[in-house]
Amino acid sequence: MVRAGIIGVTGYTGLELVRLLGRHPRAQVTYATSLTSIGTPLKAVVPNARIAGDILVEALDPDRAVEKADFFFLCLPHGQSMETAASLFERGVMVVDLSADFRLRDPGVYARWYGEHQRPGLLAEAVYGMPEIYREQIRKARLVANPGCYPTGVILGLAPLLKGGYLQTESIIADSKSGVSGAGREPKPGLHFPEVSGNFSAYNLAGAHRHTGEIEQELGFLAGGEVKVTFSPHLLPVARGILSTIYARPSKPLDEDSIFGVYRDAYEEEPFVRVYGPKGRLPSLKDVNGTNLCAVAARVDSRTGRVIVVSGIDNLVKGASGQAIQNMNLMTGQEETAGLVYDALYP
Amino acid sequence: MVRAGIIGVTGYTGLELVRLLGRHPRAQVTYATSLTSIGTPLKAVVPNARIAGDILVEALDPDRAVEKADFFFLCLPHGQSMETAASLFERGVMVVDLSADFRLRDPGVYARWYGEHQRPGLLAEAVYGMPEIYREQIRKARLVANPGCYPTGVILGLAPLLKGGYLQTESIIADSKSGVSGAGREPKPGLHFPEVSGNFSAYNLAGAHRHTGEIEQELGFLAGGEVKVTFSPHLLPVARGILSTIYARPSKPLDEDSIFGVYRDAYEEEPFVRVYGPKGRLPSLKDVNGTNLCAVAARVDSRTGRVIVVSGIDNLVKGASGQAIQNMNLMTGQEETAGLVYDALYP
Amino acid sequence: MVRAGIIGVTGYTGLELVRLLGRHPRAQVTYATSLTSIGTPLKAVVPNARIAGDILVEALDPDRAVEKADFFFLCLPHGQSMETAASLFERGVMVVDLSADFRLRDPGVYARWYGEHQRPGLLAEAVYGMPEIYREQIRKARLVANPGCYPTGVILGLAPLLKGGYLQTESIIADSKSGVSGAGREPKPGLHFPEVSGNFSAYNLAGAHRHTGEIEQELGFLAGGEVKVTFSPHLLPVARGILSTIYARPSKPLDEDSIFGVYRDAYEEEPFVRVYGPKGRLPSLKDVNGTNLCAVAARVDSRTGRVIVVSGIDNLVKGASGQAIQNMNLMTGQEETAGLVYDALYP
Amino acid sequence: MVRAGIIGVTGYTGLELVRLLGRHPRAQVTYATSLTSIGTPLKAVVPNARIAGDILVEALDPDRAVEKADFFFLCLPHGQSMETAASLFERGVMVVDLSADFRLRDPGVYARWYGEHQRPGLLAEAVYGMPEIYREQIRKARLVANPGCYPTGVILGLAPLLKGGYLQTESIIADSKSGVSGAGREPKPGLHFPEVSGNFSAYNLAGAHRHTGEIEQELGFLAGGEVKVTFSPHLLPVARGILSTIYARPSKPLDEDSIFGVYRDAYEEEPFVRVYGPKGRLPSLKDVNGTNLCAVAARVDSRTGRVIVVSGIDNLVKGASGQAIQNMNLMTGQEETAGLVYDALYP
């Protein structure tokens, strides 16, 4: 039984971890911290979850943490996570960091998007936690950088084509649409219900969103060379889910059957990627919400010479806490799908 | 006082015409037809509108129609509109056709997207009803083809750049997101509330949507040569509004100030186009819903060498019935903005 | 031309006043204050509105205020409004106060729900601003207490029956459902989009909501004796609108035709109340949103001996800023409907 | 392993049964019928579910049905279900009927709400499938009438008080608000997305809804005498969930602590009823959506002498398919909660 600690339990990703771990067959939450709610029973903080025992929310104390738990999920803001990750890692436990602090290999790139990195020495220990790409490294890692929500959908959407050398790497555009929970639990004017309801808008266009660097790093590794993408985030009037519509020009001839073959071959063994066929409907948010699935479909626009990929995930599950548990399962030698076997609600 | 007839009054665009004309200072609905609701008072069919007199919904009779009204709005399905347009036009009245039947100059292109054209001879009479581009021709026209909802947003979003020769014409991608009213008033499984609520999806990707031909025709006229676009429609869980995020590569150097200048110069006299500046927020659906406005902003992604344009409209107003009344105002020599001075609700 | 000042322009009711006054034929905003945004052009603060001139948002200065404007709308929190109202009133201008500070006749009742009243002497000057009940008094008033949003719907829903003595006054239950804008523009955890979207809940049950006192006061005046109501507010996942379902036992025999007669007689001259007939559909939020209308229908449940009334309003228009302008029109001798002739969007 | 057959698999309740049974530890779908989709793999009809084997949707054939399955769920329209139930029951299998056909004990009452009953002889075999009230009878039944969605929430909300004799039985009003999936999967004008989005309305007021008879029957059994209720359904702009706000006058003194005691005592052993305490928040739809839970809270309005109960369920789970599986578990001697251990998504 994995004894799991959640550092920063009161945000949406922390709460989602508690919910998912509550039904995990071989893990349970044994420690939880927050800056607020200290001393409150975890059951009161996360009333929708099944919680064993009488855990109270605590202020973080690394020494006590590693007594109480063996495996840690860090749900802290970017920039604040690295020190905590280091202090726990140095005490010998395993860590999945849900912040961006260990996602970027190059501290210079990190600095450009997030500010100076305080623990560059630890970057070499960190594995980017996307099992479909780094499964074997994750199995051996003690520190995993859990991918961002937008990057998860975009990278899984493009990986088979980039790995196969099918795309002109300067041609990629990702037009992504996210539910509001991706922006966190803290109320803000732009996320106030009356502002978002019945509305839709773009934000942080033209390379202003910090996930751009993360997407480019991983697409570059897949392509074996530099990749620059135009990444355009949008805010959908839904609570959960990200759908990305991705455009690129092929560098080799592709039709819809052959492109389907590429995806099927890449993902047929993957428990959490569902490839949609060349005919029939496209992924929608409701296909994946509440699940750890990424749904992917590819189309070829022969009139204009472009490939169009649609990928859908639940930003809080495959885009955050579900993928974190998938990583935990790999790191601790369990069944990869343990605790993650949910089907989407319909309707 | 314009006496207006609405052919096909029970769909969303017909109902929206009744609503808007009810507050028009110099026009009123004097005739309305439908296949259903025949004999019902128009007041019962459109309870949210102000309706002068005691008009009953009738079955269409062209001879009676031209006795009762001088100006006609056709809200009929594609393919069924052309005969009715012809029969009214031949009786000497003015017609704005809200279907696609007279939008495409080339009957061969029409055939490819919609089926064979039955009245190709009448195409030469028709003017594409986008006042920002064809204002003078519309003033003299007796038959106006009212633009499609998606094309309205995409064309207004790109016109200044294409006219100025600023874009590589093979580089254009329009990623458009529409509210559900754009799909009409008839209930369908995919538009059933539980299916759309909390959901988001793409449809008709890779050149499968019929508005592609219309967009390409008008962008081609603006560019002075053939234009092919990748057009990707999506279904938003909102009742009204279309937001398009449009990508292209510049053919001349552009920065955000110069691009703003191009838009400002193109649109500063336009009563229904609002250009958003280089800093500050981007258009959202709520900025335009219920209004005849098109809101446009442009950004330059210098990292990837792309221009990104966002345009927003209300699909039932500027994307249909409002623009139709704008055309009527021009055709009948009235103030262009008459009856269209609404401000968006906030929130 | 009425020169209107808005005190507290940056909340939803202040913004809605700016929007509505922007199209008013004989009033315009000439002065606007806020605690934030001082020095910002009003046009930047309310981009969806038509604003004449170059007004800047200012900090409130009563002397300057009465130079700049003749008529004031107070959009301030309860408890903070009374002093400002007094200082303006004493300078001889007209005031509509949108807070609760002058709604309750009895300072003791005010104290129970809101805290001690600082200006009880001014209560005698204030008229409760519901034109359908106090039209003549409003015409002569210089200080009008604009009704609360929930009370507006409930009182208009019950007034004809209570005035006619048709109800057992201890039997009234109002089950009201409000859109989120009724809770104001300030972001709060419970109003964060992901929390409200797809959700529905009751709050402040069992007499805990402060509008209870206001409802009971006015129903008591109508009934000619004390009335106690069970008032249950709920939070709907929509931006605007309140629908109240109201239950009571009749004290005289009533059937659906006779009850319709009572409402029709009471409201047939009212420009902003629409009575729905005994057959046919019931009011919905979309029938009234964006308008100053109150839609009312009554049913008789003969099986259980109860009357059921449904009333719908837009909480920001008839429930706040629209009714405030209706009051301004009366107080300044204008057409009562001036600037308020909007039809609901459909769909 | 229970071999389960679903008759009428393509409606929302049939699809939800497939989803839930897909994760049930000791049951699986082995037979499924529909009027449409015949010959289609069940996997294509219910893509969001886990389905063992290669089941095709078939036309109903009772002889074949009882070869393929031992336990049947009937998801058929009212009036059509009774004959199928009879033909399966007579073949010796167990049946849970999700229609209303066996819910009403008295064929005369059935006739009043639904039309003449064709199989009144079978009514004596049927047990009303609410485990919290009829657990022991359900364990021995072969035919269970699964409760309606509205009745489930209202009955569970009132049962402890009625059983204890705490209420004046003529004083009950249930104001219920339902998500749209409760109206079924068939698209209809009033359920079209643009009509419901941003909207809210009441329907079938004053005893016109057929669930009234079912509610009154069961409340009458609990109270030991006739009960008449005013039941008011409303349509919420959400996909799933019913929240009922229920009003009654107590017949004995009650305060919030004592009323909480009554509920706690009644439900503390119940796996699927969650009682909320006298302080703190009230149930919301998101607390229960996707789960088999009923959340209940009670308040006392001492000012007006009323008890107010709020109950929330997911109409497709506890209000239909989840409760049906709970009944199956009891009828087949399994753990009552098997296959039903889901936690609500948050947010």
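So that you can tell them apart, the chains are marked A, B, C and D in the order they are listed, and the count of residues begins at 1 in each.
As a convention for this text, contacts are C-beta pairs under 8 Å (C-beta built on N, C-alpha and C of every residue); 3 or more make two chains touch, one makes a residue touch a chain.
In this text the structure is predicted, and so the values were computed from the model without any measurement.
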Length of the shortest touching-chain route, subunit B through to subunit D: 1
Copy-to-copy rotation for subunit A and subunit C - C-alpha atoms, rounded to a multiple of 5°: 180
Comparison of A-D and C-D (more C-beta pairs in contact): C-D
Distance from the mean Cα position of subunit C to that of subunit A, given in whole angstrom: 46
Between subunit D and subunit C, distance of the C-alpha-averaged centres to the nearest whole Å: 39
Centroid spacing, where centroids are CA-atom means, of subunit A and subunit D in whole angstrom: 37
Contacts with 2+ other chains: residues of subunit B: 12, 181, 185, 192, 194-195, 197-198, 237-240, 289, 347
Complex interface listing, subunit B residues touching subunit C: 12, 15-16, 19, 22-23, 46-50, 181, 185, 197-198, 239-240, 287, 289-290, 341, 343-347
In the complex, subunit B residues that touch subunit D: 12, 179-181, 185-189, 191-198, 237-240
Of all residues in subunit D, those that touch subunit C in their complex: 170, 173, 175, 177, 192, 194-195, 197-203, 205-207, 228-230, 232, 234, 236-241, 243, 245, 247, 281-286, 289, 299-304, 306, 308, 310, 347
